[in-house]
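Across the two complexes that follow, chain A remains constant while its partner is chain B and subsequently chain C.
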Partner chain A sequence: MSALYQSLVNGTMMGAMYGLTALGLTLIFGVMKVVNFAHGSLLMVGMFAAYWLLKITGMHPFLALLIVPPLLFVFGYYLQDLVIKPVFKSERGVREPLTVIIVTTGVWYVLDNLALMLFGAEYRTVRTAISGTSFSMGEVIVSWPKFAGFVVSMLTAVGLWLFMLKTRTGKALRATSMDREAANLMGIDQYKIYNVAFGLGTAIAGVAGCVIIPFYYVYPSVGVVFDIRAFIIVVLGGLGSIPGAILGGVVIGIIESTFAQFMTSTWTEAIIYGIFLLILFFKPSGFFGNKQDW
Partner chain B sequence: MTRKQLDRTLLCVGAAVAFGLPQLIDSPTYLQIIILLFFYAYLTSAWNLVGGFAGVLPMGHAVFVGIGAYTSTVLFLQYNISPWIGMLAGGVVAAAIGVIIGKPTLKMRGAYFALCTIAFAEGLRVMIENIDMLGPFKLNGPRGLLIPLKGDSLAAFQFMHKEPYYYIILIMLCLVLAFTWFISRSKIGYYLGAGGEEPEAAESLGVNVANYKLLAMAMSCFLTALAGTFYAQLMLYFYPKGLLGLDLSFEIAFIALIGGRGTIAGPVIGALALRPLNEFTRIYLSDQLPGLHLVIFGLILILVMLFQPKGLTAPLSRIYERLAQAITTPGGEKS
Partner chain C sequence: MKKASTLKRLSIGLGAAALTVCLASFAFAAEKTVKIGNVEPLSGPSASVGIQGKQAREMAVEEINAAGGIKSLGGAKLELVYADSKSDPTVGVTETERLINTEKVHIMTGCWNSAVTYPATQVAERYGVPFVVPVAVRDTITERGFKYVFRIAAKDSWWVRDQFRFLKDMQEEFKTGFKTIAFIFENGDWGTGFAEKWRTLAKEAGLQIVLDEPYPSTASDLTPVVTKMKTANPDIVLLVSNAADAILLTNTMAELKVKPKVVLASGGGHADPKFLENVGKSALGMFDEVEWNTDVNKPNAKEANAKFKAKNGYDLAGESVDAYVATYVIADALERAASTDPKKVRDALAATNLTTGPGMLVSYDGVLFDENGQNKNAGIVIVQVAEMNGKLDRVTVWPKAARRAGYTPVFPMK
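Moving on, here comes the complex of A and B:
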């Protein structure tokens, strides 16, 4: 029984972090109706930023949470403003611009391979203040970095939820996601809102980078590992839904860790894809999806 | 010279150059590069039936290349069935799987369809990597399948020189181009075009959009699988990660988008633009700067989408129109 509890706890914690990686993706899709294929690469940028910061200064990883996400917000804001916006404008009339998807794929190739050129292909880890520490809760052993990642993921999701609900910018984001034209008529500059949405999504990838780096390694194509999983999570939770992303992440995390008790990890991967396809066949809008988006 | 004559002459010159090329090129390396160029142009043309005409974005088409390769190779290795027959069998299997997967997904909007195809392709790749024996069929898991050498033999689809492969893929490419040309001018093509842009409007006019999209999917998967058999016979070795991986799927979509989605010449122009660039940057740059060739690849993709969102075919055909006008009008023979 304790093995089951252990895998449930581990799965929930890892799943929340998967949810965190999917949160930015779902935010960007919700507002822009664009699947950002570069999201894994943005996560990789966040992980490398956290890696170098912690490596050079040796600061506590929680402190990095105050530095890396704002940097990534600026990065995402201008990436959207300079690269993606022009394409978006040329496909104005289309609800789901496919050309933009391709541009984000181009961004993915450029970022991943720039990292390969700059840092090389080796796997890098950094020892932080919380790396490798753990505490026990009854019979279950909980690793500190994963627990911290779980708490930060939850706080980020709740924070984003409140931001969307309470602030003026959040309301503008929601209005644009519901109806572009109407929001525009209400005096919302939609392109600025897209910049903000993309910046926020990237900043969340930065948060994810900071919480993952204490227990995971970073290398140029690390984003792909999380990327495909994040795609599955957002569809599972419903594209555009914030609670859906976290719930989808936890579901995937638990499936992964409990099935790993019975079979090799490559088979669990196949099972996740299988479950994903079944959900698409029978309930394509996911847990909290917006019906008109699929 | 009239416009029609000009078009025909150019087409004939193009065909003559394409069919005469192996006489001019001695190096098997260069010939191999051109064979792969045609292979990609072929795959992209097949992709275009769904990705271009039906207006959705399949991002996992490599899976059908893999189905074609596995079907014909398993039949050849275990039952000694000629790969030519296996090729058709693979096409039928791929079309059936395409219909099964297309039925629920083709109704969805763009982003969902793209994500579904990725998940399906990756899921099948992971499955094949985990399976050594599928019932009576030996798939060999992640190690892939190796086709033993049988010497020059048309029945075994094996040749010691590159030329036969060159002509086979060239003829396949010509046929698929003729087929897309035919489809684009047929009722099916118009229905698909209408359904891709405005599914609701097309449906209100009585077009069964879903059925036509499914038909396009089946044709596209069938044709894609044929190329899978060709690839298996050309390389005589393949493994799941290389053949079914996302890299191939994405490259097919990139070639289509850079060339021009939904045009007949687009796949060829896209392959002509990207493949040599890809090969040469990989050969000459990847030693000093690993990854530089993919940075260039990504940058070109972004730039083309920024400045020519309809692909390279649009400006090229404008230039051609202008040239054609300059050539045909001074001739004075107005028809």
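Moving on, here comes the complex of A and C:
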């Protein structure tokens, strides 16, 4: 029985972090109606930023949370402004701009290969203050870095939710996501809003980088490990939905962790994809998705 | 008008330049360089070992060229031509075809991944180009009656056989009382191949298999697998892991405080020099099966390792040593063949009996191929990760004759 509790706890914690990796993706899609294929690479950039910061300064990973996400925000803001916006403008009037998706794929390849050239293919980990530490809850052993990741993921999701609900910029983001023309007519500069959305999405990838690096490793194509899962989570939770991303993440995490106790982990991967297909068949809008997006 | 003539002049100039380049390359060819084609995983999940192999070959080629190249070929220099397999068999085959047909390489070597080496050697056999495999351990690579394929490293079944010999010896020497065994392996060709043989050998050894678990190398979390291991509570855990998953598995085991009597890995990710750096003390007490260790007492072992470390920042390991040795085996064969004709080089390779020279830093006595091209002498050592003078070190513990003086293996892992 303790193995089951252990799996549930671990699955929930990992799942919340999967949700965090999906949060940026779902935000960017919600506002821009663009599937950002570069999302995994942005996560990789976040992980490398956290890696180097922790490696060089040896600071506590929680402190890195104050530095990496703002840096990544600036990176994402200008990436959208300089690379994606021009293509976006030429696709004006299309609801789901296809060429922008292709541009994000280009960004993915460029970033991954740049990282390969700069840092090489090797796996890098950094021993932080919380790496390898754990505490016991009865029979269940809880890893500190994962527990911290769980808490940070939840706080980030709640923070983003409040930001969208309460602030002027948040309202502008939501208005643009509902109807970009109408938002434009109300005096919202949609391209600036896209910059902000992309910046925020990238900053969240930075948060994810900071919480993952104390227990995982980084290498140039690490994004692939997380982004396929992130896509599944986004569809499961509903495209554009913040609580959907976290809930979807936790569901995937728990399936991955507990099912593996009854079958080999090779099988759990297949089951996750199977569920993904079933969702697409029977409830393509996911848990909290907006029907009109389909 | 002016513009057009400039263009014309420019094109003539370019043509002339191209011609010069062609002629120059002809002249270069006449001076003879021997091209060695390398297919290696230079990106993707096994890139780390692929790159180490590349660095080891480069070091060997530099040494050979500096010592006057291949003397029987008028001092011909060795030249390495690389292609990236990305650990993908399809890419490996295409690149082998390209190296043979377009680059006109004289000899092939590579590919580390068994799944890539298997079809790539087939291509070379078809073209009649000698293929020296430093390491790719699947048995069948040298069991197809091929004439042009030679392997330096020990094959799968020998690795697995020696793992069980080691367990038996430990049982006898230390009365460890092993009863149960668990298999945790990556679900690729390599891991499943090992697991298949483990099952039979475990039965013969009278050990009860309590867990038999393949996992995907690219997993983001191996806690589920380790949780299962904890529940099964085996005396012995046998592992086959690639680079990244070896790190994750070791750290997760330490986190969940899983401490079997013996954790025995099969080289690969665990033998990667970056492994210890990445896991630190979590690996204390773990056993690993490798082809080579820095404390091997052979001439040139210390010197070559020091040189390699100064250049690349980490120690030589089984994989890179195999690549280094393979380059010397190729040079030795070329020297005796006195020709780059593939048939002659093949015959020279088959007659190899290399026992001296810088390439002989291996733990065994020499390279000698059997009729299938398998190095008959290839040997294996088992090391334990221990703390020596405040530093993590890999200490040779088996075979007993090779055990580092004054060291006693420790059970269970700490």
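By our rule, the second predicted complex is superposed on the first by the 294 of 294 C-alpha atoms of A that agree within 3 Å, B and C clash if a C-alpha of one lies under 4 Å from a C-alpha of the other, contacts with A are read in each partner's own complex, and residues count from 1 in each chain.
One rule holds for everything that comes next: a residue touches a chain if its C-beta (ideal position, glycine included) is under 8 Å from a C-beta of that chain, and two chains touch if they have at least 3 such contacts.
Because the structure is a prediction, the values reported are computed rather than measured.
Trainee: Regarding the shared-chain residue A:Thr266, is it in contact with chain B (first), chain C (second), both, or neither?
Mentor: After superposing on A, A:Thr266 lies in contact with both chain B and chain C.
Trainee: For A:Arg127, is the partner it touches chain B (first), chain C (second), both, or none of the two (neither)?
Mentor: Second partner only.
Trainee: Considering only touches as defined above, state whether A:Lys171 meets chain B (first), chain C (second), both or neither.
Mentor: A:Lys171 contacts neither chain B nor chain C.
Trainee: Would you sort A:Lys55 into first (chain B), second (chain C), both or neither based on which partner it touches?
Mentor: After superposition on chain A, A:Lys55 lies in contact with neither partner.
Trainee: Which holds for A:Val107: it touches chain B only (first), chain C only (second), both, or neither?
Mentor: First partner only, chain B.
Trainee: So, does A:Leu116 touch the first partner chain B, the second partner chain C, both, or neither?
Mentor: It touches chain B and chain C both.
Trainee: Can A:Lys192 be said to touch chain B (first), chain C (second), both, or neither?
Mentor: Neither: A:Lys192 stays clear of chain B and chain C.
Trainee: For A:Ser7, is the partner it touches chain B (first), chain C (second), both, or none of the two (neither)?
Mentor: second
Trainee: Touch check for A:Phe281: first (chain B), second (chain C), both, or neither?
Mentor: Touch status of A:Phe281: first partner only.
Trainee: Could you pull out which residues of chain A sit against chain B in one structure and against chain C in the other?
Mentor: On chain A, the residues that contact chain B in one structure and chain C in the other are 116, 120-121, 220, 264, 266, 269.
Trainee: Inside the complex, what are the residues of chain A that reach chain C?
Mentor: Answer in residue numbers: 2-3, 6-7, 10-11, 14, 18, 116, 120-125, 127, 131-132, 134, 141, 143, 215-217, 219-221, 224-226, 229, 256-258, 260-261, 264-266, 268-269.
Trainee: Taking the complex as given, what residues does chain B use to touch chain A?
Mentor: Answer in residue numbers: 57, 104-105, 108-112, 114-116, 118-120, 122-123, 126-127, 129-130, 250, 253-254, 257, 289-292, 294-295, 297-299, 301-302, 305-306, 309.
Trainee: Within the complex, which stretch of chain A touches chain B?
Mentor: Residue list for chain A touching chain B: 29, 33-35, 83, 86-87, 90-91, 95-96, 98-99, 101-103, 105-110, 112-117, 120-121, 220, 228, 231-232, 235, 239, 264, 266-267, 269-270, 273-274, 276-277, 280-281, 284, 293-294.
Trainee: How about chain C: which of its residues touch chain A in the complex?
Mentor: Listed in rising order, the residues are 42-44, 47-48, 51, 187, 213-216, 218-225, 227-228, 230-231, 243-244, 247-248, 251, 254-257, 274, 278, 280, 282.
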